[in-house]
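Pasting the structures here.
Next come two complexes built around chain A: one with chain B, the other with chain C.
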Partner chain A sequence: MKISVVSGKGGTGKTFVAVNLAVTAQDAVYMDCDVEEPNGRLFLKPNVTRELPVHILVPHIDSVRCTGCRKCVSFCRFNALAMVKGKPILFPEICHSCGGCSLVCPVGAISERPLQVGAVQLGYVGSGKETRPSLRIVTGVLSIGKVSAVPVVKATLDAGAALSYDDAQADVASQMVSVIDCPPGSGCSVLESVAGSDFCLMVVEPTAFGFHNFRMIEQIPKQLGIPCAVVINKDGEPYAPLEAYCAEHSVPILARIPYREDLTEILSEGTLAVKADRELARLFEQLLRAIVDGGEA
Partner chain B sequence: MKKLLVLSGKGGTGKTTVAAAFIDFSHARAFADCDVDAPNLHLVQSVDGPVERSDFSGSQKARVDSHLCVGCGRCVVHCRFDAIHLVGTKASVKEFACEGCGVCVEVCPAQAVSLAEDVSGTTTLYRGGRIFSTAELKMGRGNSGKLVSTVKRTLVDTVKRAGESSVPLCVIDGSPGIGCPVIASMSGVDLVLVVAEPSLSGLSDLRRLFDTATMFGTKMAVCINKFDISDGLTGSIEHFCEEHDVPFVGKIPYDRHAVAAVNAGVSLAYADCPASKALRTIYDRTMLLL
Partner chain C sequence: MTIAIPVDEGGKTVCVSFGRAPYFLFHDDGTGNTRVLANPAADSPGGAGVKAAQFVADAGADSLIAFRCGQNAAQVFSASNVAIYRAEGVSAEENLKALEAGRLPVLATFHAGFHGAV
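Right after this comes the complex of A and B.
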């Protein structure tokens, strides 16, 4: 079962919920799709065994063959090619890698070459002496200065899917939990991360900011037809509009994680909540059970 | 006119809280919310006067005329985004995946595919006493970078029309991360103020944001929010700033008043609390850097 963890607003506790859920599930795959700021690894401290580069294809122009006909420049809808002194030049950072320019070039002057935009790190949690690692970690990392998060998100999801089937039979694989830690916001890379999941968990902060962004993100699982539920993080004073909205629209609230001033320091330093506190460990066990049972029902 | 952009790398560190307070401290007559994925500044900065709302069309999407489609599948083979499929004998576009590149239009032998404008968000401009440019991206859409650029351009153009000399400073609330919308928001600003959080995640994200700002040659300063969460990591952030010659402009304590202010729809500028006092100091120091 693939569980995507989202929150419209940043810093509501997506990674906090996702890593603790993955640790609670034990035999699980954790995928960090927040490729701009991948932080799950700071809590899970995986042993990284492999790093796979993520490439996109960008055009390479053979200036000898190029006749300067401009067809590629007029074709490119992203303005990634411009004519300078009679020849096209490329702005690779805005290239969408559609392949259109090489398609329309009448003299075959454009070939495509890979450009690295990020990497996917594969690893596991444990000493390495166990017969099989219990928790597999897949981390997508966008390279600095690159704008195209989506290819890195896709590569992370693919690598995670491969890991979940690797050492399990089909029926076991369907039961195994994968936790997808999504980027903040409600844009294209969030949609990409949620689209392949079986259940979408929305982490919400009980504030005016949290509620406003929750209303935006909530449309994603609804539109995709994916069952979803809410976890309230930093719970204290109930935020009445959020409670009323969930009740009215039958969005289940599966857990309320209290704001624990006594734990903020150790959590900020990378300690796992479920290892540090029994009460939170119980809360995450109940949450996981509610998701898995609810997803099967 | 000076442009100050508030960023954070990690989400939820208090960008909007800082931006809203700065707007009130400076009596800024122009500001913008570039966090188009999750805009919140309007919740703590109410603006009166005339409002202009417009649809934002950042791109086009493919459309198939099923009467003309011959089902040859050429578009399916050429699409790099897995956005077009044969359903029965006709091609069909997956709207979310389509990036509007036009390759399918190019390869179709029957002229069955065309591109049509796609509304991917809404921009809102308040231009009464104060100028406020903001936007909201439609769910799941790309192009947040283009929308961010539009929000900024709208702000600057409106200020110019109003007479630039009357607006010495504009404050821009940014988005989390280091990708497309952040890079778009950075261009042309005079200073980026980073609101960092003393956690391992906060420090890691600050590093990545610093590298990004350096790459684009953008001047940067740092403050820490909720510094009392972890003395150790607050020290690490200050050390990082010292090491990289980044001006460090102050620390804000964890303060329950902050949540209360957000829920009441006001900034912390006029609250009588420790966080507000710290923000004032940070504001004064930041203004000296501009």
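Right after this comes the complex of A and C.
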């Protein structure tokens, strides 16, 4: 079962919920798709065993063959190509790697070449002496200066899916919990992270800002037809509009993580709350059970 | 010499955006002719700056007056030898006069894109 963890607003506690949920699930795969700042590893401290480069294809233009006909420029929907004084200019960071320019070029001047935009790190939590590591960690890392997170998110999800089938029977793998730590916001890379999941957990802060962002993010699982529920983080005084909205639209609130200063301290030290705090350990066990049981029912 | 200015609806005021301005004003200071043409990049899903710069360069502009300009568009202008000046005040006409009088500064800093933000 793949559980995607989202929050519209950054700093709501997405990684906090995702890592603690993964640790609670034990036999699980944790995929960090927040590739611009993959912070899950700060808490999980995985032993990284492999690193796979992530490439995209970008056009390479043979300026000798190019006749300056502009077919590629007019074809590119994202305007990644320009033609000035008969010479092509390429903007690889705008390119969406569709390959269309190389297809429409009448003189075969455009070929596609790989460009590394990031990497996927595979690792596990444990001493390495276990016969089979229980918690596997897949971390997507977008290279510095690269702008499109989606290819790295895709590669992270693919690597994670392969890992959950790696040495397990198919039926075991389908039961194995995968926790997908999604990027913040509600953009393309979030959609990509949520799309293949079986359940979407929305972390929400009980504030006006948190509620506003929740309303945006909530559209994603709804439109994708993925079951979803809310976890309120930094809970204190109930935020009435959020409570009313969830009640009215039948969005279950599965857990309320209290606002506690000592939790902030635990977090700032890179410690897992479920290891350091009994109340939190119980809370996450109940949360996981509610998701898994609810997902099967 | 042809001078291009991104302009708002009505064609009289300089638009704050370059790539997504609804129109471009082209002024030929030799003939005194002024044309206002729709910007084909205005509702582009991405790369509006590149497309708008291509449009301005293709229209034969030698100079551009704008409040701001992105790095990608600046690269297109640099390749096509279009000089970029920083607009002062909102009136397109006043800016043309100021350029003629040599009072407009060269725009030398280019942003990395706003991508939906303003």
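Simple rule for what comes next: the second predicted complex is superposed on the first by the 295 of 297 C-alpha atoms of A that agree within 3 Å, B and C clash if a C-alpha of one lies under 4 Å from a C-alpha of the other, contacts with A are read in each partner's own complex, and residues count from 1 in each chain.
Going forward, a contact is a pair of C-beta atoms (placed from the backbone, for glycine too) under 8 Å apart; a residue touches a chain by one contact, two chains touch by 3 or more.
Remember, predicted model here, so these are calculated numbers, not experimental data.
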{"item": "Partner chain(s) touched by A:D293 [first = chain B, second = chain C, both, neither]", "value": "neither"}
{"item": "Touched partner set for A:F78, first chain B, second chain C, both or neither", "value": "both"}
{"item": "First, second, both or neither for A:G8, with chain B first and chain C second", "value": "first"}
{"item": "Touched partner set for A:K87, first chain B, second chain C, both or neither", "value": "second"}
{"item": "If touched residues of chain A are counted for chain B and for chain C, the larger one", "value": "B"}
{"item": "Touching partner for A:A208 - first (chain B), second (chain C), both, neither", "value": "first"}
{"item": "Chain B versus chain C as contact partner of A:L142, first or second or both or neither", "value": "first"}
{"item": "Common interface positions of chain A, toward chain B and toward chain C", "value": "77-78"}
{"item": "Chain B residues within the chain A interface of the complex", "value": "8-13, 16, 37-38, 40, 43, 59-60, 78, 80-81, 96, 99-103, 106-107, 136-137, 139-142, 144-145, 175-183, 197-202, 204-205, 208, 211-212, 215-216, 229-230, 232-233, 254, 259, 262-263, 265"}
{"item": "Chain A-touching residues of chain C, taken from the complex the two chains share", "value": "41, 44-48, 50-51, 53-54, 57, 72, 75-76, 79-80"}
{"item": "Complex interface listing, chain A residues touching chain C", "value": "73, 76-85, 87, 89, 91, 94"}
{"item": "Complex contact set, residues of chain A against chain B", "value": "8-12, 15, 35-37, 39, 42-43, 75, 77-78, 96-100, 103-104, 142, 144-150, 183-188, 190-191, 195, 205, 207-209, 212-213, 216-217, 219-220, 223, 239, 264-265, 267-270"}
